[in-house]
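Each of the next two complexes has chain A plus one other chain: chain B in the first, chain C in the second.
Take a look at the complex of A and B:
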């Protein structure tokens, strides 16, 4: 069984590697980095559940799909008609907005900001430094095949306001799209930005973005993410954040789309007094599987990090949270916190949780916890005894479970985007 | 007209029979007290009437204005005008009191075929009701019952009752855990609702609450049956002789 699985995944991996071979001369950017990534990817293939990091998340569903990439524009495209339909589903905004369709920046549909610079990766193809783990197969896959992305830099002291990054995906079952955008965001010292990332689409596709974020001294980023991909899509996202002294990363993610999703968040807290918050809520139904894997490395003293993940799971869906806090010897006075809570709304719903603490400093405060539960029948009865119909009462209690995460979103428009997505999610689902 | 008519009501919890044939008629506009020792079935009666899960009716009936109350979902009972003031009001972390109350009020209004209330008018009504109960407006911003003192929770129950305008209120030991000032405020809140369209079952262990909410009738519950009924003086007699004396008398 496991042999068959590996073989199927291996074939899928070989398809990607062969495409690189074919495209290599036409891919933008440093050929050396691509070659190294391709060598790693060929050696490692797509991870399967024998890999400790993928113990709870099988990529096997990828194996049955024929992917055709955007492969430098010859692959599946998002037609104007689909584009309009998807844009209509995206939250309205008047401000700066970058629109990607199957991983390619759409200049005609985008509005550039005025106070800072945005370029496309295809025009300025730069891969991250050594800090990005190229030895990990999905990062290597991205590096090997990345065709486009956003390159954003907010200069020192500038408040960039709000930038929306909208990713639209579309593909068909027989000829699925796959795209591996490479995004890079730099905030100079004291710069500020609210980045609102929204991913949605229709049909079958694989969205495998890598985003590298560098926050300068005292820089502050509010990062809001709504993963609302097509119910038949695959979403494998990797975020890498590096924080200099006193920098603030304040992240809020809502996951309510994709058939199979894995969002990895890797943070290097490298400067004294930096703060990081990763707040995630996952809403899962049907046969869906969604994995949040967070690795926070404290490398400097006096920093704090907070990981708070809430899963709402119904049907046969599965949620995964793997969270690690690693504290280096130098990172004294670290304040690390990690909490994983799951609300299981059906008998078959499942959550897997793997907390890890790795502490080499002796004067730190690190805590972690996990809870799993169902809706409280007493609370339900209390609401119903006041006239609230059962379905509405259940929705209220689920919303209450998410309150801590949603109410904390420091950005009014972004909070409304996430709240509307939550409301829409259970409008047509049996809770 | 009889608002609530209970006949031969029997119910069990986890296979244990708690109510063993209750008969009770509550006319429109009247307030009846139900007294009895611990374990006599007072709270079970309240929960059975409100429709809580886990309470299995094994016999008898309960009709509200002629309708089969026991066949209705809890929310339908609320829409039909039943309100249970909980002995232990439930905390709802993450649910704001204002949002909770407006949702409840509009759900009940929808079910009754009435127009929903908008946020502005809701706040106006809610604030007026709060003032009558000597409660601070700040109550609306807090999460439902979270961090409330015992007295605040009970007042919040009476506040909800004032907004939902039930025709049958069931007060389950609303006096427990209240100091005398809070007790008076709660009693005034209930008395303010009294009138020809409002009836109540006031469940209590002690006579004290009945000094402030004077009942039309008092029923004594013992081992799942009503063993005596009488006027307000019955409560006073119980206070003097205790339930033990009554049980001896009944036997």
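Take a look at the complex of A and C:
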């Protein structure tokens, strides 16, 4: 059984490796980094559940799909018609936005900001340093095949306002698209930005982005993410954030899409007095599987981090949370907090969680908590006895469960985007 | 802080002062040749005059073991273990004695040094009805068993497992390996192949065991890995409290220990299993010490049965131990209370597994880890709620205390829930001894050491209160010795 699984995954991996072989001469950027990544990817393949990091998340559903990539095709990534249909589903915005279709920047549909610089990865192809774990198979896959991405840099002291990064995906069964965008965001000392990332799409595709974020001293980033991919899509995202002294990363994510989703967040808190918050809510139904893996490494003294992950799971869906706070010897006076809560709304819903602490400094305050349960029957009874219909009462309680995450979103437009997505999710489900 | 200098002195006094129980008894032992093969296993089995089925069972386990690889997922590091460089059988030369009078006086003196009340009259002073029956294990052969008669009257069987194999083969055959199968994991398979002795306890239906049962383990002969096998069965409505305590003499060489403990609780039965583990942890530089790879598992098979594991782990260079409960019977309850202390170069990776299978099952986990010196202390636990475990309930609390800036404290919990009516709660904290707590105690005239002791004891109180009284006293002393002065 497990052998069969490995073989199927191996075949999928070989498909990607063969594509790299074919495209190598035409891929942008340093060929050495690509070759190293390809060697790692060939050696490791796609991870299976024997891999401790993928213990709860099997990539097996990937094995049955034939991926064709956009593979440096000369034509448009998607037709205008598809483009319009997908854009119509995105929240309206007047401000600067970057639109990607199947991983490629669509300049015609994008609006560039005025106060800072944005380029495409295909024009400025640079891979991150060693802090990006190139030995991770999915990062290696990205490095091996990345064709495009956003390269954003906000200069020192500049308030960049709000930037929307829209990732659209479209593909068909039998000829599924796969794209591996490589995004890079640098905020100079004291710079500020609100980045609103929205991923949505139609059909079968694999979206495997890597985003590297570097925050300079005192820089401040609000990072809002809405992952609302197609119910048949695969979303394997990795985010890597490095914080210099007094930098602030304030992240809010709502996950309600994809057949199989994994969002990895890796943060290196490298400068004294930096603060990081990772707030995530996952709403899962049907056969979906969604995984939040957050690893926060405290490397400097006097920093704080907060991870709060909420799962609402119904149908046959599976939610996963793997969180880790790692505190190095030097990181005295660390304040680390991690909370993971899950609501199971159906008999077949499943949640797996692994909230981990790894601590090597003695003067720290680290705690984590996890709870799993159903809606409280007493609370339901309270609402029902006051004339609230069952369905609304349940919606109300779930909404209250998510309030901690949604109400904290500091960005008004962004909060509305996330709230609308929650409402839409709820509307579409006969719970 | 002037206390720092004082502390450093005290620490070195304690650690360099050496391991209090590190003496060695000079008794001639009979050793099997080093190495592990079918022949070794046949030899062990023949020495113990075992029936054919048990030999077959051992050989099967050995075959399974040969196809297994040593697990490396735990946060412990050690040089590779050469399984062919170990004596798998060591026995005091004389035949097992029939009464205390026949026991080798040297051996009795050893136990005296350890303070084991081997004599039947040595019921603990001041404890009403506080009789403790001891099945002392010296290396691999149980040497003497006390209180046999009192227990026999109640219908309780408490004897070395090798004796149980002869006297109660039907019970042993029925339950041995039923909780921890022979091929369960690398170390359990090894144990199944070569276990030499251990305790067997059987509490018949409706019987409340009239006294607390106790086994003291000692590792004595050089290079003798110990492979204890303990099996405890509590029939319907039975109750037993079992104590396990360990000390081992000082050694330079690492010694392997891979025990297996199986508990079976039938309808409304209750088993309390308490351990104080104080094996030689190695010296201040991390040389020597026991490698302790233990598989402990209890099966709550009956309705409303209860199993609780309470452990105080202060010894061993490496501790790899996850006492678990399989909560199968409806309304059954599992509990795990643990204090793990590591100092110097000790490494402990310990925790529990609570597998909720039946409806209305509940479990409680309270783990207190204290790391000092250059040690690493990991809590690793699993709470799994299976689809049929309606209304299951778990509460987990893991707290870690760090003393000094060279040590590490880690928490690795796994929570898997597949039933919406189940409720699982987990909390964990990591901190150092708070300055305001210390200040509070100091301002009331307590010395720095006493303050730390008081605070650490308070930190562990939830676990200590689960221990039988005599053990709680020993545990507090052990903790004080292990940590005295390591706070500045």
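Heads up, the rule we're going with is that the second predicted complex is superposed on the first by the 427 of 431 C-alpha atoms of A that agree within 3 Å, B and C clash if a C-alpha of one lies under 4 Å from a C-alpha of the other, contacts with A are read in each partner's own complex, and residues count from 1 in each chain.
To be clear about the criterion, a contact is a pair of C-beta atoms (placed from the backbone, for glycine too) under 8 Å apart; a residue touches a chain by one contact, two chains touch by 3 or more.
Worth saying up front: this structure is predicted, and the values here are computed from it rather than measured.
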*Quick one: classify A:378 as touching chain B (first), chain C (second), both or neither.*
first
*asked:* By the touch definition at the top of the document, which applies to A:342: first (chain B), second (chain C), both, or neither?
replied: second
*With both structures placed on chain A, which of the two partners, chain B or chain C, ends up touching more residues of chain A?*
C
*Does chain B (first) or chain C (second) touch A:396, or do both, or does neither?*
first
*Check the residue A:89 against both partner chains and state whether it touches chain B (first), chain C (second), both, or neither.*
neither
_By the touch definition at the top of the document, which applies to A:404: first (chain B), second (chain C), both, or neither?_
first
*asked:* Looking at A:363, would you say it contacts chain B, chain C, both, or neither? Reply first, second, both or neither.
replied: second
*Return first, second, both or neither, reflecting whether A:354 touches chain B, chain C, both chains, or no partner chain.*
second
*Could you tell me if A:386 is touching chain B, chain C, both of them or neither one (first, second, both, neither)?*
first
*If you lay the two complexes on top of each other, which residues of chain A touch chain B in one and chain C in the other?*
none
_With touch defined as at the start, can you tell me which chain C residues reach chain A in the complex?_
73, 385, 387, 400, 402-432
*What residues of chain B sit close enough to touch chain A in their complex?*
50-53, 73-75, 77-79, 83-84, 86, 89-90, 92-95, 100, 103-105, 107-108, 111, 160, 164
*What residues on chain A touch chain C, complex-wise?*
52, 329, 332, 342, 344-374
*In the complex of these two chains, what residues of chain A are touching chain B?*
377-379, 381-390, 392-393, 396-397, 399-404
